[in-house]
Amino acid sequence: MKELIKLEHITKNFGNLRVLDDFSLTVHENEFITLLGPSGCGKTTILRILGGFETADEGKIFFEEKDITDLPANKRNLNTVFQKYALFPHMNVKANIAFGLKINGKSQKYIDDKVDYALNLVNLKGFENRSIDKLSGGQQQRIAMARAIVNEPKVLLLDEPLGALDLKLRQEMQYELIRLKKELGITFIYVTHDQEEALTMSDKVIVINDGYIQQMGTPEEIYNEPENAFVADFIGDSNIIGGTMIKDRLVKINGHEFPCIDEGFGNNKLVDVVIRPEDVIVRERGAGKINGTVLTRVFIGVHYEMLIKSEENEYEWLVQCYEKYDIGEKVSLDVIPSNIQIMNKPTSSDEEAIDLDI
Amino acid sequence: MKKSLKFIYIGIVALFLYLPIIALVVLSFNESKSMAVFSGFSLKWYEEMFSNRMIMQAVINTFTIAITASITATIIGTLAAVGIDGMKSKQQNLVLGFNNIPLLNADIVTGIALLLTFLMFGISLNWGTVYLAHVTFCIPYVILSVRPRVNKSTNTLYEAALDLGASRTYAFVKVVLPELRPGILAGFLLAFTMSVDDFVITHFTRGAGINTISTLIYSQVKVGIRPSLFALSTIIFVMVLIILLLVNFLSKRGKEKVIY
Amino acid sequence: MTSKKALATPFMIWIVAGTIIPIGAIAYYGLTDRNDRFTLENVLAIGNSVHLQALWLSVLLALISTVICFLIAYPLAIIMKNSNFGKRGFMIFLFILPMWMNFLLRTMAWQVLLEKNGVINGMLEAIGLPGQEIINTLSAIVLGMVYDFLPFMILPIYNVISKIDDSIIEAAYDLGASTSEVITQIYLPLSVPGIVSGVNMVFIPSLTTFVISNMLGGGKINLIGNIIEQEFTVSSNWNLGSGLSLVMMLFIVVSMIFLERFDKTGEDSFI
Amino acid sequence: GNGGGEKVYIYSYGDYFDPDLIGMFEEETGITVVLDTYDTCEEMYPVIKNNSASYDVLCPSDYMIERLIDEDLLSEINFDNVPNIKNIGDKYMEMSKEFDPDNKYSVPHTFGTAGILYNTEMVGDTVIDSWEDLWNEDFSGEIVMQDSIRDTFMVAEKILGYSLNTVDEDELKEATELLKEQKPLVYKYANDSTRDILASESAAMGVIWNGEYLYALELNDKLEFVVPKEGSQLFVDSWVITKTSENKENAEAWINFMCREDIAKQNFEYLTYSCPNVAAQALLDEDVLNNEKVFLTDETIDNCEVLKDLGPEGNELYSKYWKEFKAE
Amino acid sequence: MKELIKLEHITKNFGNLRVLDDFSLTVHENEFITLLGPSGCGKTTILRILGGFETADEGKIFFEEKDITDLPANKRNLNTVFQKYALFPHMNVKANIAFGLKINGKSQKYIDDKVDYALNLVNLKGFENRSIDKLSGGQQQRIAMARAIVNEPKVLLLDEPLGALDLKLRQEMQYELIRLKKELGITFIYVTHDQEEALTMSDKVIVINDGYIQQMGTPEEIYNEPENAFVADFIGDSNIIGGTMIKDRLVKINGHEFPCIDEGFGNNKLVDVVIRPEDVIVRERGAGKINGTVLTRVFIGVHYEMLIKSEENEYEWLVQCYEKYDIGEKVSLDVIPSNIQIMNKPTSSDEEAIDLDI
């Protein structure tokens, strides 16, 4: 895939606050890239620098190998879908969508066709003359998409476009976005702090914290092989336990030895071990390695989620399974080797963040 | 627009607004009584100002009227802002329409209308008539400032207080009022400013010997204003400046924004 | 909650006593003659050429000053919105503070500044420019109106503009609009409520002023405000004065209709 | 001190007596003075007529006093309480009979006439001695006129040779036309501020009361004053007491006080308007007393006319033409 | 369990809009009851009638068998936690919590102790003097709880208390609420439109639509045995397929016969069949009854979610499973009998709603 956008060594300060520190990123054509990170980590700032609404203190931005660092927003061939849609409240649906085309002096015929096409695409045919305040959140969302799409940008920047919608609608719109992305064949750079959303939608997820890239990869890589405790914790409820790497492919957790598949950590090294709740196998007492007692149990739709307190060292395991165990029941826990994820313990907080330069 | 261009623009508008004020301040230190010639620096108009009973009386009238009228207007206006929120939307529109009348009406028409009313009811013009007139034109400003703050969230807070066992009055005083405070404060200040600055309505509704600073000045416009009035205005202006700066400074420390 | 409505009772009483009855009083005087007989003469007197001329001049001057105020205030409001937050409060402060110098004095100060041998001409001559004869002309009156009422244009417009979401402006740029397109297609239509209330706050007082024309017009120019005022003070014909005032109220009705159209809530507009 | 809350409400022209006198009066009598001022008698009239505000003492001009008497708005003065009336010259009491035939209602405060104040340097060689000089196009934009119905019409009427008190519509029309003709030449229609405009040399000549002359001279010594040859208006401003006065004795005390010779002298020195108080005149410098621009010669006085009240129709007529002239 | 609250035949109109129609409900002591339904279905209205902020047009409310229909809000022994917290912004944390106690004239000592206790309970010890706007959403939430709790109400009404929080925080607060409920031993009446939340937290869920009760039961009952299509659809993504009940315990779907466990629908009756996505078993082609092709696949954290198009009748099955199948892969689907849920087809829209009167 061709390189489309390149951010090189971007640094951005707000007053004394360094929001981005030597941040670099390459986006390829036709990717669906998601920037994922907790609130305040600098996601919006990256998008705003890309969109031309904020200037970086240092660093360069390239678009198709041209330096666009100093190009104003209205000259960039990318469009943004804003978090709160930012639809023009004084125009109707059609005028909103046609705005960019009018500015570019397209013919009325072209505009009409394009608006029709876009409305069709977002499943809102017949909404041309609605006024904006008569639309539901999800509809506004789609109009914002349509407004951006008609300009045929090479790249669409989306800043938490679903943040304001409720769960059901959010799920629907996620499918909608994936469909659109496929039909249009353009690059999406998507910002969210919702890990589920990031995993569901993207080709590539970039986990950011404190202006640093923590990990970058496909959703499966990020979920199954988090590179550090931050990612592991942020990407889902995880059991993160201190352990000792006895030797390659053998780790000791809670005093019990578990075979695993990781190598190269050295012998008898302290490590962090990540085990997903759904990967913990609950067995009858004696049938597994770690003995524990069920503390709490809730039904969360598909399965039960339980806290099981290890009898050896009080660690409370978060466990998901389809079977129902009663509170107070004594059970045993086990994990298969491939579900054990080993990570180096960070030696300093600085090292915790991995600054990737791709 | 370039940044420097913006500053120049703001600077020119500010100069336009402040030029007359600077002129007045300078003239207040003029030795001569005539505004035409600056014949030397003097503080004599400041002395005269303090010793001139008419001026002092006008100052007292101006501020007693402004304070009492704007307090009255603030109370009535605040209650009204909340009350209007409880009305049906048709009724609301009607009441707000009437509220707009004194705002939009020409001062001269308002003044005359009130004058005629007082005379029709045989009310002799005096301090009280000026006060009533000022309350009348102050109320709309209070309502305009307070009403935007009376919204869904005040309603919820009021209900939350009831929910916790508060009586209606207690909930209103302890929860709704503090919530409206910035609006009330802004409304009060606005009403106060308008009252102090009013000339036309006072002009028509004042009684014998009831001068405010404005009417005193107007009575001297044709005769030639004595510079002691410049001195007076300079002092008021500087005092307001200091107070506003202090309020802003203090509230910034308290993290509460008072714009004005 | 019905008890909530009751809170507005004092205000309703005040509306009746302070707004409705006085309007009734003006209507009564305006529609009767000296002997309390009903007549339309005082209202129809607006058709008298002297009055018409004054009204026409008043409307013209008020229009001109409203337009000038708008042209000054609008860019200012945009600049104020875009200046960073700390400075914003300061600027509102900057434009409200002058209201604390008595407005009669400020207006009069222009007399001093504009006098033929006044400060401004002095400065102009000092830099070699010809002196301007502004005082006691229509220009001086317009200047006075612009000066006195400018803050009333700035504040409502600023108020509305400052509430326009930044992201809407950015969205327009994002879609390729230039600065002038953003102003004409986004700012202007979105700030209509502020403009309408600003225009009202400037036009009506300009239309009906008698103080400014008295002080800066050199007694040469009679606006409709001067005529009404003189009917009350000089000519002692209160019936005629009231009749003409009734005519002025027509303008107010018109502006209320405008307000109603563009600013339904009444919230966004003033201060 | 305002012993026992005694008060007197005074309503007079602005800046028409020395403000220090108020303090002195209060000191002596324990009566508190509440002062209010007006610009023109026309402004005062409706207030008194409608009794919308209650004043005790007024200081209107001749014709207005006549009107107030006609409309029964004044009360007779009890001269037992005003012994200092003796200080007022007979000549002036005689003049007063023009509007107060029995001398029952009024006590003269000042008198004088209107003339032209001009800047000798700016007018150059032109001799200023006629009202017509105010129509001289050479001084376009440098002429200041009075801004008061009767005083302004007076100038035109004098040029046309009519009476100041004419109610002949044709004559008034003519006067109006004349004034309209002059309007483009006029810098400003002003009242007492004419003095300042001339002092600052923003204008070359203006109509002004002779009482302003001395003070104007202090500000600018190039100024000169003349009473035009066509004759002028003679005014007498007098103290009167309103019908509705609730403090009549205090009002009389005030009038009596103002008639005391030392007070009248002090006031003259402040105001420089001619005072009808002969006892006070006696205390003045010879130069001042002999300055015929301040204390008019009998000849000048004879050439002048006193304003009379014109009755409602007359007033309405003036008002109508005044508006018409202003509307131009 | 003792009956605590009884709503009897409540009807409520707003103008022409009938929001509640003959609505009846009994709440027992110490229950955690959740009112679940789509936006606008009348949930808030029920709570407001209970709280005394709205009066019912018809019907009665009983509290411990006393008629409280006309009792004003401030005299009812129940407290509300409002959707947007409704904390008093001009008071600090302590003053907020103490508000109700002050009004009831408690001693300072009592108030201090009680505030301490409540702050402890919501894990916000030491926050007494914070001002409200310095709290995060989750903290505000907890203070709102604390403020309600100190008054020792018999019942706590909660109107979407977590609606404004983001996913992560919402999950945390759910645990917090369950814990609090247990510690306090009072009745919770909880409103939400988030089905997951409802299932996680409640003892009893009441599904409402259009002012009618659609179903009432434990979370498991609601999830596993929805009584009508509305509930099935609303409670989770479900496959709802038209089928024919051949006879008891045998249903025909997509032309294939499946054994099931439902009885009493009659023979050869048209029914609706509900099958949860996670209950569909994906097998290799030939190993299951229904043949299909994988249309889309997304990774949603724990598992993959796929749309599989039946080759017989184009129906698109929503399927969740742990194994990864490629798009376009041909598979077969199967379901075990206990996971097939049979429902009557509604014959009229009116019948769709079951008006329960318990």
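Order of writing sets the labels: A, B, C, D and E. Residues in every chain begin at 1.
By definition in this document, contacts are C-beta pairs under 8 Å (C-beta built on N, C-alpha and C of every residue); 3 or more make two chains touch, one makes a residue touch a chain.
Source: prediction; values computed, not measured.
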Quiz item: Through how few touching steps can chain C be joined to chain D?
Solution: 1
Quiz item: Both chain A and chain C are touched by which chains?
Solution: none
Self-check item: Chain pair that, of all pairs, has the most C-beta pairs in contact
Solution: B-C
Exercise. Let me have the rounded angstrom distance from the C-alpha centre of chain B over to the C-alpha centre of chain D, please.
Key: 37
Quiz item: Measuring from the mean C-alpha position of chain A to the mean C-alpha position of chain E, what distance in angstrom results?
Solution: 28
Self-check item: Averaged-CA centre spacing for the pair chain C and chain B, given as whole angstrom
Solution: 17
Self-check item: chain C and chain E: spacing of chain centres that average the CA atoms, whole Å
Solution: 57
Exercise. List, in ascending order, every residue of chain D touching at least 2 other chains.
Key: 147, 190, 197, 200, 202
Self-check item: Per-residue multi-chain contacts in chain E, two or more chains
Solution: none
Quiz item: Tell me, which residues of chain C touch at least two other chains?
Solution: 115, 117, 232, 238
Self-check item: Chains touching one another, given as label pairs in label order
Solution: A-C, A-E, B-C, B-D, B-E, C-D
Quiz item: If you look only at chain E, which of its residues touch chain B in the complex?
Solution: 51-53, 72-75, 79-80, 82, 84, 86-90, 99-100, 103-104, 147-148, 151
Practice problem: Provide the residue numbers of chain C that touch chain D in the complex, in ascending order. | Solution: 49-50, 53-54, 115-118, 133, 135-136, 218-222, 226-227, 230, 232-238
Self-check item: Residues of chain C touching chain B in the complex
Solution: 1-12, 14-15, 18-23, 25-26, 28-29, 72, 75-76, 79, 83, 89, 91-113, 115, 117, 119, 147, 150-151, 179, 200, 204-205, 207-208, 210-211, 214-215, 225, 228-229, 232, 238, 241-242, 245, 248-249, 252, 255-256, 259-260, 266-267, 269-271
Quiz item: Which positions of chain D touch chain B when the two form their complex?
Solution: 9, 11, 13-15, 19, 22-23, 34-39, 50-55, 147, 190-193, 195-197, 199-200, 202, 219
Self-check item: Residues on chain E engaged by chain A in the complex (per definition of touch)
Solution: 39, 166-167, 171, 175, 178, 193-196, 199-201, 219-220, 223, 235-237, 276, 278, 296, 298-302, 320
